[in-house]
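Alright, structures below, take your time with them.
In what follows, chain A forms one complex with chain B and a second complex with chain C.
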Partner chain A sequence: MVEVRVENLCKRFGSRYIFNNFSMRIENESFTTILGPPGAGKTTLLRLLAGVEIPDGGKIYFDGRDVTDIPAKDRNVAMVFQSFALHPTRKVFDNIASPLKIKNVPKEETRRRVKEVADMLGIGDLLDRYPRELSGGQQQRVAIARAMVKKANLIFFDEPLTNLDYKIRESMRSELKKIFTAQGGTIVYATPDPTDALSMAKYVAVINQGKLEQYGPVDDVYNYPANTFVGYYFSFPPMNLLDGKVVREKGALVLNSHDLKVDLSDCKEGIKEGDELILGLRPSQLFKVDGDDVVKFEGEVIITEVIGSETIIHVQYNGARLAVHVPMIYRLLPGDKLTIGFRPCDAFIFRKADGSLIRR
Partner chain B sequence: MKKISFRSKTLFLALIPMIYLYGLVIYPFASVIYYSFFSYDIGGTPVFNGVGNYIQLFTDPQFYRTLGLTLSYSILAVGAEFLFGIGLAYLLVHISRGRSVATSILILPLVMTPAVAGIIWRIMFDAGFGHVNFYLSLIGIPGQKWLIRPTEAFISTVIVDVWQWTPFVTLVTFAGLTTLPVELVESAYIDGASEFRTFKDILLPRIRALLYIILFLRVIDTLKIFDTVYTMTGGGPGTATTYMSIFNYLNLMTFYHIGYGCTIAAFFIVLMNVVVTVLSKKAGAALFAA
Partner chain C sequence: MKLKTLIFYILLAISLLFFIYPVYFAFNLAFMPRAAIFQLPPNYIFQPTLDNFVKVINSWEFSKYLMNSTIVSILSVTLSLIVGLPATYALVRYDIPKKGTILSMILGIRFLPITSVAIPFYIMFVSLGLYDTMFGLLLTYILLNLPFIVWLMRGYIMDVPTELEESYEVDGLSKTQVFLRITLPLVYKGLLATVLFCFIFTWNEFGIALLLTGTNARTLPVQSLQFVASLGLDWGALCAAAVLIASPMIVFGLLIRRYLIRGLSLGAVR
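Let's turn to the complex of A and B:
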């Protein structure tokens, strides 16, 4: 219910800058994911937006109103922490009710609102328990309920699923999405996991070392990563990045990377012979690809990783190492041969010098 | 030679703590109980007296006075130590600079030998040339007869205990607070709780078990207070600062009433056991809840 704008934000701890002239926008009524590796500044950004941390420079606007100097309690925001931050000595009801108690909301209304939120999150029958009597997933629901009961303008999530195990994380994702779609409101969700962004968010902001690498609707960012970092990070498993060179073959410009060839004739950008480029291949677009123009090649298996019901096979080909994502369990032994391929239109081509995307 | 089985070896080893327990704890304890039933002054022979000593104890007005004084001393001192100690811990949490300097200063009273502290405070509280009266006179407050009048002497001993042990409460509370996750404070802050309320309603309950342990240690320590007070007032003036341990000591070592002294000690042991049991149960329950 609020649009957020951040302008030239600076924040440093000691002499180390976390943000230096950081600007971004968060759409009204959207689910925005802040995606980045650990240490990128995700948590710090949320804390700055929530008002827990005070910026060293720059401005933060909520709906055009400058809130930079407004304390957290007057920003009407809520935050869900990775560690849940529940009070172990209080029952679930009192945990959820705590923000209302601070605001002196009448008892009857408190009871009604807590019940409503708890029912929505499926923890309505756990209100009389203590947090230690709940499972991790249930505790996280309590933490989310506490954030939602406030009816805040903005809800921040700081890696809320990181402390949960794999299976619960998957079911929480779909459930959260359902709840937030029903509830509405502006949600900012920090996570290191690209799957979170892909499965739940409408917008994604990829940040790295305090820099906004790319921001936009999830599908746009996924399909057109601005640079190698976004391509590599916003992909599960990470995108394969292979070095290559532009060569001229039969009069046309071709990218040659470890003897894998991609035609560059449709590139509008000024590319000339000898330019150094990077070929980006998504692991999920390598296995069992058919078609007339598919570039097929045979890799030698290095190792097979089975994750849940999926497999990631690491192969090498002509000095290049690639990960191949197989959407089923598929065990191969080191040394086995695996025929893979890609459609040239699925390949991402980046400039090596600055990592920027040239074409996909 | 017959081989000693593993079992007998283990049993033999298990004897060592038993010998320790018997020799150093049970034997002296049993002797105290034993002699508490005898009329026995130094130089004389012990004569069985039945519960005579106990009747004497429970009809001795000095005993009730001592008991009352000891309890008042304990409640006042521990209460003040908690109030100031937790208050200082609150300040320590909230200052961003000079925390290590502050803690170094706080440690100073703690490292002083209590007997020496008592002697120094005796000099400081001296009505004629003491520092306390000198500084009071600087701000226009007339000198008090600190160790001369009963009430003032009692207050002096409480002040010294508070001076010496408040830092203990502060440091342990502060240490406990620093182990709490910062998210707790932040989530309360976002929800609009004031700093004081966050401290009182969220942080302190989280270290409840620790607070009970501090309370436990301080109550036991104050109930058996001896060294500081003995070197400072010797239990006087009159009997104004004759707390349990001093009362016991005087009867045993000054008046040489061995039997009666043992009766006081026996009662004291029972009293301390009750206090320890109650407080440790509380602390245990709090630990479990946390």
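Let's turn to the complex of A and C:
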């Protein structure tokens, strides 16, 4: 039940700035994902919020209260670290009970609360083991239990699924969502994986190189990416971005990108002939698209990637490379032809100069 | 047995002989009656006697210098740890400008051959009134123990994951509490090894003690020099003194041997 506000945050390591005047807000009682590529500053941001890292400038507010100079131990937050951070020579019980023991919670209550959380996470029968005797997924649960037992109002997750293998990741995702819904509080979850954000979060903040690219409800950000970076990164597989130019055809302005044409007459913004734009096409909106206005074209297959039960086909058309997402296994050989298409209303149009979204 | 293993054991035996024999020889001499010492060829079968030990203990102010050695060793190692451990921790965990330079300078203290600074040290100590005082000797040993502590403990502390420490900060411990309650217990094997090293160094140290002490703050190794007198070498007594001086360290080393091997070979946490 905490609203987090960050103002003009600065953090540097040596002479390298991770954040320079970074500001953002995290809604009260929300599940917010901090999404960004490795090195974007996600982990540093969480560490600054948790108080284990001290900012070089700027302010951090919890519910309007300035906590910038308050040490981690007094911030009443919990954090799940990427490496799980379990104490190697202490048993699972003691690992989970750690925040309660430090606060001198009575023994009986500690036992009860640890048991409760452990049972909820399905590790109730592992309390007598040492962390090294557990699998990665189990260690992960211990780390989550340790964060939850504290009943903090603000919980940070630093890429909790990154160190797990694919199968466990899938099942943890749905389970985490269930747990978080039951737990309440404000959850901030850093991840490089857009799927995490799409499947669990209510809000998403996309950051890149210490800059907040976009923040908002997950669906809004997904449907209206503010710029090419958000469009490219917050999409799996990444959005196809094709260069194009505005031309005049039969009196109307049209975007021509590698001979794929999109009518621009509904764009109110000052677009004129000769402007350079970028056409954004989601790989998932290219395969087997039907309708009267569909722009159809035939691409030449470069390579086929099968991921799980899905296929990503990379094709080449008129000098452009596109990824096509097919929701089944569909093997094509290099050189094969594949007919694809898109509805103009699904296309994103960005300005080339600054990458900003013009319309979708 | 494979040939490789065989060669390994032969080499091991040769090097063991090389290192153990002098010790064995000194040990032997310490128990030899005076008459047997100068026999040629050496006679290894003799009636052992404690005469040499009795002589050592009676002839000098044994208890006084034993006390000096003990106090100087324990205090200097303890004080070095009190200064050195937090310093090491800070050098590992904090973003300190010119960290590398500081570390090299600390190590640099050990690069100096002690003889090169002997005369300046002596003059300095005399003019500061530190000559022949326990305090002066303590200061010197702390200076020489610090690089050991910083460089050995640095490796062990670096092996403790930062995130583990931070997780306890988030749980509610202060940075100092994390260091004392989480980090130190995790590196205790390395700590024991370091303590033993420093202790042996201080206990056995000869050159500095010889230079900076007179009759007051003298330590055991210096005192054993009295058997190298103008009348000639008293081999039996000298070796008895050596055995007496070395034995506490040998016992200490044997007691913590188990931790020592682990502490030296790898980090504490994995």
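In the analysis below, the second predicted complex is superposed on the first by the 360 of 360 C-alpha atoms of A that agree within 3 Å, B and C clash if a C-alpha of one lies under 4 Å from a C-alpha of the other, contacts with A are read in each partner's own complex, and residues count from 1 in each chain.
FYI, a contact is a pair of C-beta atoms (placed from the backbone, for glycine too) under 8 Å apart; a residue touches a chain by one contact, two chains touch by 3 or more.
Note that the coordinates shown come from a computational prediction; the quantities given were computed from them, not determined experimentally.
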If chain A is used to align the two complexes, do chain B and chain C fit next to each other or clash? clash
Can A:85 be said to touch chain B (first), chain C (second), both, or neither? both
Touch test for A:98: chain B only (first), chain C only (second), both, or neither? both
Quick one: is A:13 in contact with chain B, with chain C, with both, or with neither? Answer first, second, both or neither. second
A:72 in the overlay: touching chain B, chain C, both, or neither? Say first, second, both or neither. both
Residues of chain A at both interfaces, chain B in one complex, chain C in the other: 47, 50-52, 72-73, 77-79, 81-83, 85, 87-89, 98-99, 102-103, 146, 150
With touch defined as at the start, can you tell me which chain C residues reach chain A in the complex? 95, 161, 163-164, 166-175, 182, 185-186, 269-270
Report the residues of chain A in contact with chain C in the complex, numbered from low to high. 13-14, 47, 50-52, 71-73, 75, 77-79, 81-83, 85-89, 98-99, 102-103, 146, 150
Chain B-touching residues of chain A, taken from the complex the two chains share: 47, 50-52, 72-74, 77-79, 81-83, 85, 87-89, 98-99, 102-103, 146, 150
Mind listing the chain B positions that touch chain A in their complex? 181, 183-184, 186-193, 197, 202, 205-206, 208, 289-290
